[in-house]
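Shared chain: subunit A. Partners: subunit B in the first complex, subunit C in the second.
== the complex of A and B ==
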């Protein structure tokens, strides 16, 4: 799949929905961890694997720790 | 090895020993072949050699002749020339015995099988077939699932000792589902020769050919890995043909999922289902015939008089065996009768020693050690799953995550199956839940075993 923002956003949204952690009003500035989607380390690891599977790369695998969907989108925009 | 063939040949030389789709060889013929091979090896001064042949009827006399002459034979896997070249170099083989045209020049001396099966050119060169107590070496290569293959040094005297309790069974027809380059294949061969049974040896030896041989060549007994049996049962269901009339189903070579035992009992209702626990290094430890997963706790702490004894050290099974290896090729000898770690993680549950996977297969998820096998068993029980593989997938956040590969049954909705798989694992501790689920056409195996590490 492409790394277009809409596609990446759908991947993240679908993932959060599948683990029942999609915050109300989820957007590019919503925190992924505490005070937001509240992903724990294993769920973050799963998000990393999901992004890699769907889009061929992911920010976590190169040592980045995006805090929001916006930072994930920025990673692909700059890739 | 030779003495087992000769023992049967002495009383019934015309008894069939090997059956292939191309023909048969009797015990008498194999014993004579072995004598000629031993004479040829002696005349040529060959003390070590490799074999690159797959036909059992050709390989058997080479192995038996080598055991008689005290020469170390090593059967290679049926691999491509480049792979075999690396084995020739790694294991210092100056002589390669093969009829394959693509292996010409692979070793300093390449001989056709006929050069040895034809015997010595000087008829005065004969070999006394009386067994001796001297070490009669044999080299078995490991599959190399955790690195480069190693050469495991055995002694035919010790290997034959492991067959002392095998009873005569001339009516049994055993399928050779393993290659003779594998220790498990050697175990089947030794058992058949000790029992005076028939070895049914299809080539190649994939489950599809194994099933065909069961039906066409009257196989009554078969020993294979759990992975092989899973494929064979799937093939049986797929082709809708007759169910082979097996009397014995034996599993070994890798940990055995409990549900598979029940599936095999249902598929082959007239067969006894048993498990063997063996490895290239420590040999065979006997079989469990009660059809239950794992080993009886009676195998533990049998005492110094037992040929095989086991104990559990920090969750890992250790073994002392008087039929095990002498050591590894190119490495210092080991204390052959001493205790050795097996690499198998086990737990005692009730009166059973249950296998939890290989120590090398443990997945470290953020510091939590996860055994893949129980997860694989749980997943395999989900409707729509044909086969499954659980392994550790590297991950920047946690070091690794539990990953799952699944072969889905034809017509299965993958999205629905994925949901069912997650539900089946929902009550596992978080580190053990599969975090990556992939649907594949087939599960990659090596030596008919599932590889539980990332490929």
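== the complex of A and C ==
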């Protein structure tokens, strides 16, 4: 799949939906961790693996720790 | 050896260090059960050539030095490219250098630690990520009874094998909630190249002290690999099974 913003956003929202952690009104500025989607470390690893699986790379694997969907989108925009 | 019914989809199995000795026995076992097997090692052996010829659709081999993370990644990427995912990882690759620790060189220590521990960590990291994305899979770490009992002249090797047992328990705790099992096998003394450092006297002594009355064969360990990676065994995780003919019982 491409790394177009809409595709990446779909991957993230599908993942959060699958683990029943999609916050109401989820958007590019919603925190992925505390006070947001509340991802724990294992769920973050799953998101990282899912992004790599679907889009061929992911920000976590190169040591980045994006805090929001917007930061994930920025990673792919700059890739 | 049990075989899968034909209707069951073949599993994708990675066996590290799968070109000779114990690893080769494990590869043979999974090929016999109809699975697809990807193996890696630092060199091609006659067994590898034979499997390539006999199982062109079910066997894949790549040379790799797993003490280098880039080699590990290239190998796993090649398996994913070929077969899409990984169901089973057997972390078998290992090396031993015997000698009293007080006389060991930095290189002696680095070679053993880099492959036995770091190589296993690299592979486990890469493959467990893939398993997390699918929420299923089985990992088996091959350690050794000397990681528990110790053995004169195998201090570094013993330390690395004890480390693998710790890794097994930690990964089982990390991944258990995601349907991924992680177990270990601690073999005793096998008739493989890894035991060539022992002289005939030592081998005879081990045989005499072993309740089963013989040294182990790779198939003895391969059977336990099959058991630990049976998809029906999802409640068995975090364990290290000693397969030593009763030697350390």
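Quick note on the criterion: the second predicted complex is superposed on the first by the 79 of 79 C-alpha atoms of A that agree within 3 Å, B and C clash if a C-alpha of one lies under 4 Å from a C-alpha of the other, contacts with A are read in each partner's own complex, and residues count from 1 in each chain.
By definition in this document, a contact is a pair of C-beta atoms (placed from the backbone, for glycine too) under 8 Å apart; a residue touches a chain by one contact, two chains touch by 3 or more.
No experiment lies behind these values; they were computed from the predicted model shown.
Engineer: Specify the outcome, clash or fit, for subunit B and subunit C once both structures are aligned onto subunit A.
Structural biologist: Overlaying the two structures gives a clash between subunit B and subunit C.
Engineer: Which one hits more subunit A residues, subunit B or subunit C?
Structural biologist: Touching more residues of subunit A than the other partner does is B.
Engineer: Pick one for A:53: touches subunit B only (first), subunit C only (second), both, or neither.
Structural biologist: Both: A:53 reaches subunit B and subunit C.
Engineer: Could you look at A:44 and tell me whether it touches subunit B, subunit C, both or neither (first, second, both, neither)?
Structural biologist: In the superposition, A:44 touches subunit B alone.
Engineer: Who does A:63 touch here: subunit B (first), subunit C (second), both, or neither?
Structural biologist: In the superposition, A:63 contacts subunit B only.
Engineer: Kindly classify A:28 by the partners it touches after superposition: subunit B alone (first), subunit C alone (second), both, or neither?
Structural biologist: A:28: touches no partner chain.
Engineer: So, does A:9 touch the first partner subunit B, the second partner subunit C, both, or neither?
Structural biologist: neither
Engineer: Can you tell me which of the listed subunit B stretches (80-88, 98-106, 116-124 or 188-196) runs into subunit C once everything is aligned on A?
Structural biologist: It is 80-88; the other listed stretches have no clashes.
Engineer: Jot down the residues of subunit A that show up as touching in both complexes, subunit B in one and subunit C in the other.
Structural biologist: Touching subunit B in the first complex and subunit C in the second, residues 42, 45-46, 48-50, 53 of subunit A appear in both lists.
Engineer: Given the complex with subunit A, which residues does subunit B contribute to the contact?
Structural biologist: 365-366, 393, 395-398, 401, 403, 430-431, 433, 435-436, 438
Engineer: Once bound in the complex, which stretches of subunit A touch subunit B?
Structural biologist: 40-42, 44-46, 48-50, 53, 60-63
Engineer: What does subunit A use to touch subunit C in their complex?
Structural biologist: Those in contact with subunit C are residues 42, 45-46, 48-50, 52-53.
Engineer: Which residues of subunit C touch subunit A in the complex?
Structural biologist: 129-130, 132-133, 174-175, 177-178
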